[in-house]
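Every chain is named by a letter (A, B, C and D) in the order it is written, and numbering of its residues begins at 1.
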Amino acid sequence: MTSNTISTPRKAAHDLGATAPSFSERFETVRCRTAALAEPLEAEDCVVSSMPDVSPTKWHLAHTSWFFESFVLAQHAPTYRTPDPRYAYLFNSYYLQAGERHCRAQRGLATRPTLEQVLQYRHHVTEAVLALLNNVGADTSHPVHALVELGIHHEQQHQELLLTDIKHVLWTNPLRPTYRAQPDVTPAAVAPLGWIDVPEGIHRVGFEGNGFSFDNEAPAHRIFLEPSRLANRLVTNGEYLAFMQDGGYTRPAPWLSAGLTTVQEEGWTAPLYWEQSDDGWTEFTLGGTRPLKLDDPVCHVSYYEANAYARWAGKSLPTEGAWEVAAAAAAVEGPFAESGHHHPTPARSGPGLVQLYGDLWQWTRSAYLGYPGYQPARGAIGEYNGKWMADQWVLRGASCATPASHARHTYRNFFPSATRWQFAGIRLAEDA
Amino acid sequence: MTSNTISTPRKAAHDLGATAPSFSERFETVRCRTAALAEPLEAEDCVVSSMPDVSPTKWHLAHTSWFFESFVLAQHAPTYRTPDPRYAYLFNSYYLQAGERHCRAQRGLATRPTLEQVLQYRHHVTEAVLALLNNVGADTSHPVHALVELGIHHEQQHQELLLTDIKHVLWTNPLRPTYRAQPDVTPAAVAPLGWIDVPEGIHRVGFEGNGFSFDNEAPAHRIFLEPSRLANRLVTNGEYLAFMQDGGYTRPAPWLSAGLTTVQEEGWTAPLYWEQSDDGWTEFTLGGTRPLKLDDPVCHVSYYEANAYARWAGKSLPTEGAWEVAAAAAAVEGPFAESGHHHPTPARSGPGLVQLYGDLWQWTRSAYLGYPGYQPARGAIGEYNGKWMADQWVLRGASCATPASHARHTYRNFFPSATRWQFAGIRLAEDA
Amino acid sequence: MTSNTISTPRKAAHDLGATAPSFSERFETVRCRTAALAEPLEAEDCVVSSMPDVSPTKWHLAHTSWFFESFVLAQHAPTYRTPDPRYAYLFNSYYLQAGERHCRAQRGLATRPTLEQVLQYRHHVTEAVLALLNNVGADTSHPVHALVELGIHHEQQHQELLLTDIKHVLWTNPLRPTYRAQPDVTPAAVAPLGWIDVPEGIHRVGFEGNGFSFDNEAPAHRIFLEPSRLANRLVTNGEYLAFMQDGGYTRPAPWLSAGLTTVQEEGWTAPLYWEQSDDGWTEFTLGGTRPLKLDDPVCHVSYYEANAYARWAGKSLPTEGAWEVAAAAAAVEGPFAESGHHHPTPARSGPGLVQLYGDLWQWTRSAYLGYPGYQPARGAIGEYNGKWMADQWVLRGASCATPASHARHTYRNFFPSATRWQFAGIRLAEDA
Amino acid sequence: MTSNTISTPRKAAHDLGATAPSFSERFETVRCRTAALAEPLEAEDCVVSSMPDVSPTKWHLAHTSWFFESFVLAQHAPTYRTPDPRYAYLFNSYYLQAGERHCRAQRGLATRPTLEQVLQYRHHVTEAVLALLNNVGADTSHPVHALVELGIHHEQQHQELLLTDIKHVLWTNPLRPTYRAQPDVTPAAVAPLGWIDVPEGIHRVGFEGNGFSFDNEAPAHRIFLEPSRLANRLVTNGEYLAFMQDGGYTRPAPWLSAGLTTVQEEGWTAPLYWEQSDDGWTEFTLGGTRPLKLDDPVCHVSYYEANAYARWAGKSLPTEGAWEVAAAAAAVEGPFAESGHHHPTPARSGPGLVQLYGDLWQWTRSAYLGYPGYQPARGAIGEYNGKWMADQWVLRGASCATPASHARHTYRNFFPSATRWQFAGIRLAEDA
């Protein structure tokens, strides 16, 4: 797919630099990376939506451009001209206050604009934003700055979704095509399970200070924690298999009522992407189907499964507060998306909490709600986070599909109970 | 329906007593009251389920008897014989560990046993439990005591559901029949809206001490509250009409995304049971259809509507912690089910919080989750509360359909976001 | 259910007479018989609809009265007053030109009017029609005459549906209650299978001459038949079991595509009402569950099953033309509904075609379409038959639930391919 | 899309010849033509299915190749090797006896094989069949000959479906892309409506003699026709507009019950592909959206609409027998698919029946059933026609998307009542 290389030279340039990238360079790098994620794909792969949660690759590439067009260029670049005014209709996701939009259920049916045309649209928008940033200059108080910053983080979210979604698209095909051969990972013994104390008392949580955060991470506020402990690492495939072999998916006891109904209606007998072959369990990855590795963290489980596993194990899931307090001191590091290894890896041994970031998002037992004093922003941007605050759970950390600069310890990801196509796993907790 | 009077004489007896009722008398009173709730109905009314959430009256009468049969008599009354062993299949609600059960969707299709046979079944079970309690005597540590206590509270819950459900059944009928003529309520000016402080700091919440509570009210534990205020009374019909007239159901801004989808798919334009006639809005009550009273608290709204109203008003809903802390000192009083007036009434003026109990359950913005250290009981009884802890909201207080002795300030009722057939209303909150 | 006897004395009177009943007497007999069909039932049984095709007993009793009220009394009895004008809304079935009507899906949810009130409504309408007939007198050319005649035949159709529907309602109940004990039938050897020639050539079919017929039986017209043969009797349970044991429900070959899909989606493995017990197959009848009798004709099969059986047997189903030509000379006799034995019986031996009427309706391979020159009547009455002429099959004959005076050799019954709750069976045919 | 030209040179060769094409040449021409139909499309267009009836272009291209692979090469070409054995699973449509197959609902989700790979697969199969035909030689009694003949006609059916389906795919896209610019048609006055007699009597219908026909066209047999008349031409857009303006879609009287339900549930207010703009009605065609032409025949109507129009006009639809008898003497000519004008054109004036072929399929009022003595072929091939004989209507003639050599007067096309995406229109009939 040669057309994806449109912006590559410019990107290569600043990667050589030794100094911190400028704001424009950060913007451009993110834009390049998104297009680069589509490079291993055929045009045909980029069209379809394999289930209601999945958006086509082509749509991700276009929607992230529409975001800049609609929230930055339309208001701040008076001479900007869109290549096609109908794109505003096709590529708005859910911003009611930004106008009418194409029905989500039809996203995977729109064969035009073609992938090539979408990449041209991306280029057009990228150039226009760069020109605008050049005009605005270094004044970080200019409103364009905050909007582009939001657009960068928005686009990074879609980078993760693009990978998550294309994994499902490829798996839906009986031919099970590979996205990209995965780098080899040296096998290592998984760290033994240990428990890390989270002290009782009043703690301050939530985002404060400089830098970017989403509105749902604020306001910072105080919470009281009863004493508890967190597992040092994630639950492994081997440990999860023990649950399965103990009747995990068939005995009602550990399940939430809605969870058991889902298991039965959907016919779940294992995590998503697991299949039983004559040679034992296999797992579909972005590198293709391969034998299940027992030391890898268990992945692509729903909240229902995470919760049932925890109850079966006599434990619970962490609250988001306990997770944030415990993670506050740790470095934000892990095998992020940039590693090209889009699959979680076994826990390394060592003191303290491991696998906080870069392997898998971790289900918490906290419902996704506004913090005390939370107010969504005014206008369409305010629809970003606040209108989803019902029937979802907070996930903490970051995954192997998350860009490194997107992760932080106050980050609140959120998904409904039955979600399995995300890179999500299980960290146990227990009351002290 | 003369057959409903089977147990009445016995009940009348202890009502005359001046001393506190014995445990047996409490049991018998509750059993009598449930049957008495069916007296205004025709046999035909007691058969059907008008929507998936609604159970037939006949089923409520039988299921509450099955509960005693299955959890008390089957284990502790060796000589007990059921009138029909197939009732265990027909009248188990959802206790997976108590055996196979009739599909919930078919509850409203089972015309047999008839109402008369169900009332005989009730009588049979009541007599057997009374005999057992007589054998066990005054020893409150005997396990039968705790199980009967649980059965009493379970039955009280079904008394409220019976009223809630039959209201929906009668309303579904185009003839709109009346359940029972309602006592007149002297019209009074509604109390002005005021705000009650809830102080910041560590508070202890949850049930502790003697007396009965459900397992989901424990363990008692500490929470930290940022400072906030609660409205002294519930939102009125008149106030809610202002929201409606300001485009409440059509403008997306205050709605959760799933809420707006529900509004559009269900065609909601007002609370449940409201209808627009040539003479203005009417409201269907258990006393029939009548003109809407502006000073009554708004009733039969979902969480989605409660939350949208609060956002439109620039406020929020209380957390369950703030509600419990604020209500801890107040008397548990209100127009409960025993008043026979199965509809909320205007707020009286006075200091402090009013309408805490006996008018309407109050939606909180707290998801229904286990308290720190919560463990469901072992066995089928453990399915009572714990397995519903996903995608539901806590409601606090009690309603005009709740028996007085069933209410307490630690009580946690819970329903999903779109629930409207419950007697639920809105108390506002604001951050201090 | 003592209230059902309201009209009984009057009916008893004319049953004693030796002469042919008058038109008024015929009307009254039919009205009495409908109410008598509800006598074995409890009030609770008469409320529900156990699946979309099934109407409540209470509704059948009321709808047949509404038919006379709406099409006879409203136009021809100026002083007639309905007991409740809302009944016109509740009890209209599908006559769009007769005004708004209650949603069919809600029929089983309307608990009022009660059974008692419906029986009073019936009485009220019967008396008014009798008074009108008395006024009109013996003039059979008066329009009232034709409308009451239509109403009589309409009511006879609902007598059959009432039995068919209540069988499904009672079977839906896990207690499997009995409608009425069935008379014993002397077991007899089933007649051997034989073949009756239907000669090739031009034949005249359809209703002509005097007497009542539905509009879909006319105009009489000519058809050409290639030579064929009809089976002398219906397929038996024993013969159908051989099909089942030969993989009948699992091998795709004999099935229509939509039939196989239905079999798989509905999980069909046997005719409706068959169940496998430890002692072999049983069959639910209006007399309760009993062991399957191999010589009884197979009953409660869909067109899909009838067609698949015929293809498996190397035969086909008759066309409606061949059936009518073959049946034209035979007497219209059989064990009709009046026998009280609401179940088919084994074929008697003898020459010619047997089991033409009174056991089971017989699926034909003819789609239900208008005859050449067919014109539906003007107005609401014209909706009776004509608007169903798509995606239905003609059934010929009559069943054990059909009143004797309702059967004739030109009668065209019709149901969709997947219908199983009707008393329908299989007569084979073959090309000569 | 340069890759589509793989087989073009060979095709060009035989098009130059003056003599009748050989069997191999006919085969190869059909194969070329199918690929040529995809040439105006982008790879992205060829992936999706815009509704359950629509198959992706890529699938049509592959399935027609699988047909030859599975029914010809697998049995008669022992050295043939498939490029991928999994294609048999992916590209079987519904032949249960030919093995497991990919779920139809997932057809539009399989992004691989790519269009390029599918075209290579086509080439591979075409070459192998040509080699086999070369081996078999001129012996038309060899079983390969009949199978390839069937495959040719099968592929011609899919050529029509490919056009029909891609029209729906392109229309589903809000950008409404054009398939191919359409040739200009000289406007001409539409012929006046006239009536052609079909004489009463015994007629012989069905296919007999030499040449190819599908099994559902046989056996030839006798029918009796009462006298009737057929309209000389199809109903025009202008005539259909008069029906719409007379409340066609809102007044219940002319509609079948299921038709009216469909109209209301689907929100139909005009034929498919019509849209109302500020400048009046437009129609989407394979040449893009354009103003509605009043003299064109009305197109993309369902049986429900055709039947309602006919009843509104006081007429009926033809029986398939009357149509075939009337058409028997006419030439099989019309603007077929080869004209490149994939849209119907106004009726020319002249004696006799016009527009029999090449504009639109014509709904008949005959259900699609087996002729007397019809027997489906043994094995998987027997599933071609016979298993669809329920709940479908016969359409006669041929459309502007039908290849010329595919049409004949005994041809029986068939679709369900609500089908609108086919090129189908209305010819009226009346009883004489």
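The rule is short, and it goes like this: a residue touches a chain if its C-beta (ideal position, glycine included) is under 8 Å from a C-beta of that chain, and two chains touch if they have at least 3 such contacts.
Being a predicted model, the structure only gives us computed values, none of them experimental.
Distance from the centre of subunit D peaks at B, each centre being the average of the chain's Cα atoms. With centres defined as mean CA coordinates, subunit C is found 46 Å away from subunit B. Distance from the subunit A centre to the subunit B centre is 40 Å, each centre being the mean of its Cα atoms. Rounded to a whole number, the gap between the C-alpha centres of subunit B and subunit D is 61 angstrom. Residues of subunit D in contact with two or more other chains: none. Taken as a graph of touching chains, this assembly forms a single closed ring in which every chain touches exactly two others. Contacting chain pairs in the structure are A-B, A-D, B-C, C-D.
If you check the complex, the residues on subunit D that touch subunit C are 94, 96-97, 202, 221-224, 226, 228, 252-253, 255-260, 303-304, 307, 319, 365-367, 369-370, 372-373, 383, 387-391, 416-417, 431. Subunit A contributes residues 42-48, 50, 58, 84, 86, 89-90, 102, 106, 108-115, 169-170, 172-175, 177 to its touches with subunit D in the complex.
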